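For clarity, chains are labelled A, B, C and D in written order, and residue numbers in each chain start from 1.
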Amino acid sequence: MTDFKKIEENLKTEAGRLLKEGLVTVVLSYGKGFDENHPMPYAAKTIADVENIVFNQYCNYNMARYLVRYPQGTKIAIAVKAADSRAVIQLIQEEKVKRENLVILGIPVQGMKNPKTGEVIDSKTTCGLYNPVLYDILLGEEVHGQKNALPYEVLAEYEAMDKDARWEFWEKELNKCIRCYACRKACPMCYCDPCFIDQSKPKWADKAPQSPGNMMYHLTRFHHLAGRCIDCGECSRACPVDIPLYLFHKKVAKECEEMFNQKAGMSIEDKPVLVDFRVEDSDKILE
Amino acid sequence: MLKKTAIENISQLAAVLMEKGTLLAPVKEVSCHNFAEISDPQKVDLKFYNTLMSPKSAFFPHREDFVKYKVGKPLSEAEHTILNLKPAFLFGVRPCDVKSFEIMDIHFNAAGIIDPYWRARREATTIFGYAYDINQPVDSADFYNTLGIYAADPEGSDIFMVKKDKELLLKSITPKGEKLLAELSALEKASSGDEKYYEDYIKKGKDYKTRFTCVDSEVIAKKIESIFDNTDFWTKMSAACLSCGICTFSCPNCYCFDICDDTLFGKGTRSRVWDACMFTDFTLEASGHNPRTQVYQRLRQKVSHKYSYHVRKYGVISCVGCGRCTRQCPVNIDIYSIIEAALKA
Amino acid sequence: MSNNPYIPMPVQIAKIIDEVDTHDIKTFRFAFLNKEDEKNFKYMPGQFAELSIYGKGESPIGIASSPTQQGFVEFTVQRAGTVVPGLVTSALHDMSEGGEIGIRGPMGNSWPIEFLEKKNIVVVGGGFAFTTLRSLINYMLHKDNRSRFGEITVIYGARTPGLLLYKDELAAWETRDDIKSVITVDKGDDNWKGRQGFVPAVCKEVAPSPKNTVAVICGPPIMIKFTLPVFFDLGFSKENILTSLEMRMKCGIGKCGRCNVGSKYVCNDGPVFSLAELEELPRDF
Amino acid sequence: MSFEPKILGIACNWCTYTGADLAGTTRLHYPQNVRVVRVMCSSRINPSFIFRAFQLGADGVLIGGCHPGDCHYNTGNLYARRRLATTKKILEFAGLEPGRLRVEWISASEGNKFAEVVEEFTMQIKNLGPQSKLKIQQ
């Protein structure tokens, strides 16, 4: 099992060192919340701030979300778990951050928990990897010998559904939406300003949480994240009404992988699949 | 007047209330409870700590239609929404949420121009307050004691309810509640033992402790005013904030709204829809100028509005410490901690 | 619910005046369709109203006419849309005389007439922000009111001669002897025989005396920024400099919660503030 | 009354739209169920257009572009191919019939093909019946 205390110590040491040596101006990691079970995303900017850094099983936030908040060129150290590192890679691909401005502190971890439910976050709601894909400094022991969980297994049940039943399922789920936009705000890939749903011309949907607007918002957001979603599951954990958004994102990710032979956020050399093409792409994908 | 019923027979009471009018009560959803208009009395469920969303939507729905119009047609042809409300019963409201209605009343129902929709809904509704179960542990996010509210505060309710083992005691507080309670013949008479239990429960409610910090409204209002320009403080407090709208949507005291025209095929509705000061475009002007582009400015606005501006304008803090914003926040931002820190800043 | 504050009153466009050579600022004269509404629409210079077009939305606009002008209200509206699509203003600009829209108001406070009485008034305006100032000037110039005020000085500037609003009235003021009007443009053209120069510089030149005088200033932020020091140098106190704020508004009646600056709602407690009052407010606008 | 589907056609300016013109000038008969909107390139099509069309009552959406390799802008339709394939998968997982969205490459000289595709697609939509899932109920 993961030694959370050890990782916290390493995180503090590295954060302190990086800030002290002036290699970065901010360390994005986790800090104390109002109690043990509720840590918060934390931006340490001074050596004194390092004291407040924590790491425990509830630190599931994807810190890549905060990268785009800093002006381009800011030297940032960022603590990443497996899925988070893929988000960083994806942001590098999309030229939102530059690799040379980042110090990536990798955290190999298993056994993260959802603070709301206390459930272990497994491959069901996240990408099923344990080790960060990209890092400069590793803060713990890589997880080996553990059977890699299959992230798309959970889809089988829904894929097998009759299409009308699936429509009913999604209609029911998406109609719960209250349009607080926590999903897009928690998403490391949702950085558009303004978001299409806030535009008044063209106005894509009503502001009130009603079925047509909810459908428009979510279907389009699923599309905008196609080939970019790195399956961290933050959207679903942020959702106050527990819409299983991760299911749809997983499905789209799976289809994109099958069609275009590329997984989001695995290499900084890649280009996001929907801003790329191959002449040899087959028309079969349109059938 | 004190009456009682067995909690397992709650659906009978619900059925009676449904005959008299609209019943809004907590129902169990997949992973939470929420207030909903009851169509099946069996659905009323009192086994909840507190609802996910606040009961403010009973008086201030997420969407309130003003007018149905046809594009390009004279204004006189537009159909105005007329609220012909049946009597309504808002059942099972926690004391802190009851208190929130009084605070919202100042804004919508007393100061300046009166909001006709809020007033109409408020007047049609009888409130059944429901004490927190003092035999269960308190949620770590709650801090209503800080705002001078206790777990079994009957104030503001028309009828106040406390749980006694498998029974529910109902006490009338206002004349409106008294009249209604007298009419509810399905309820049993309470014994003198029940009377004593009720009184004791109200007293014991004061010892049921949530998080507490001594907050004087004048002191905090002044303090927050004085740290307005302390950008470091607000940046630190908002470092994690995602600036989504869940804290304001779930808050029983947030009232900001937008007025939207939704048109389809030449017909449409003008309605007011909840808005949130945490959204980027909340203050975006037509000129393109936006006074609050940064997350820290928006969080500052939210906290200042509740704990300072509202005190200056209406004399009370616009927060009841129900803990919803803290519980629902995806990144655990805790307004109580911000206030604590502000007092020290 | 005829007294419902959210429901607009119907008005008809009686006249449209194309004010500027870029054709993006027009003055709309509205006549009330219900006599009752006209009676209830009692306003003072400096107030504003929500112009309402079903299907497009609402837009808060300062009233440009003076209450001394009977039978209509006027609004000078710029077509917005360079940054944020201005749905209402564009729709209004595309309408013609005889068209019907809605109006809610009047809203907000006004220029404090009682405070201004018996004082000399310096009105400083820049560009498109001259609308409620025009209302104030016409109010003060009205024969019933003129004696209540001291000397009136108007300093009004625009970028080019073609961008000056209310050209006929400006010309008429030139010929009167109970108002001193100084019109300036940043850059003239071949036909421009008047003054050239920025408003702050002109203020310095005109140098109104601060004695028993109130300055009423409206204009783009950059103009305000450079004009205020001029008035401070002249010896004006913060209590005697008035301006009008702008914030995004929706309801206009202090309910929707978006136009607050500190504990003040610009729609209710404003839009007119003295500099002294503004300094009390947090810098959140 | 038999079901006459409403179909939104979105055609690229350079190939399919000209192809549709050719179908017209050569007096080919094809069903009148398609309302064609012209865009400059198939890659101009925002997936939201498609969702919105279904919401506003379209029973099917037909998209026409240049053949791969023939794009007026060289690569526009190659991006469009990936994008629209994804749209289709999303519609399918949401529970709509993926057959309600069809993408065809029709060149300026293929008036015949345009008429055939419209014929075939209209039949297909007729068989699928009215689209009521995304349609906004009034």
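Please note the rule applied: contacts are C-beta pairs under 8 Å (C-beta built on N, C-alpha and C of every residue); 3 or more make two chains touch, one makes a residue touch a chain.
Nothing here was measured: the structure is a model prediction, and the numbers come from that model.
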{"item": "Selected pair, greater C-beta contact count between B-D and A-D", "value": "A-D"}
{"item": "Far-end chain from chain B, centres as C-alpha averages", "value": "D"}
{"item": "Most centrally placed chain, judged by C-alpha centres", "value": "B"}
{"item": "Centroid spacing, where centroids are CA-atom means, of chain A and chain D in whole angstrom", "value": "34"}
{"item": "Euclidean distance of C-alpha centroids - chain C vs chain D, Å", "value": "52"}
{"item": "Centre-to-centre distance between chain C and chain A (centres being mean Cα positions), rounded to whole Å", "value": "49"}
{"item": "Sites on chain C at which at least two other chains make contact", "value": "84"}
{"item": "Sites on chain A at which at least two other chains make contact", "value": "none"}
{"item": "For chain D, residues contacting two or more additional chains", "value": "136"}
{"item": "In contact (per the touch rule at the top): chain pairs", "value": "A-B, A-C, A-D, B-C, B-D"}
{"item": "Residues of chain B touching chain C in the complex", "value": "66-67, 69-71, 74-76, 78, 80, 82, 107-108, 111-113, 115-116, 225, 228-229, 255-261, 263, 268, 270, 272, 275, 277, 282-289, 291-292, 297, 301, 304-305, 308-313"}
{"item": "Chain B-touching residues of chain A, taken from the complex the two chains share", "value": "31, 33-35, 37-43, 61, 65-66, 69, 115, 117, 178-182, 184-186, 193-194, 198, 206-210, 234, 237-238, 240-242"}
{"item": "Parts of chain B lying in touch with chain D, wherever the complex brings them together", "value": "264-265, 267"}
{"item": "List of chain A residues in touch with chain D within their complex", "value": "158-159, 163-171, 196, 204, 212, 215-216, 219-220, 222-223, 226-227, 248, 251-252, 255-256, 259-260, 273-279, 281, 283, 285-286"}
{"item": "Of all residues in chain C, those that touch chain A in their complex", "value": "84-85, 87"}
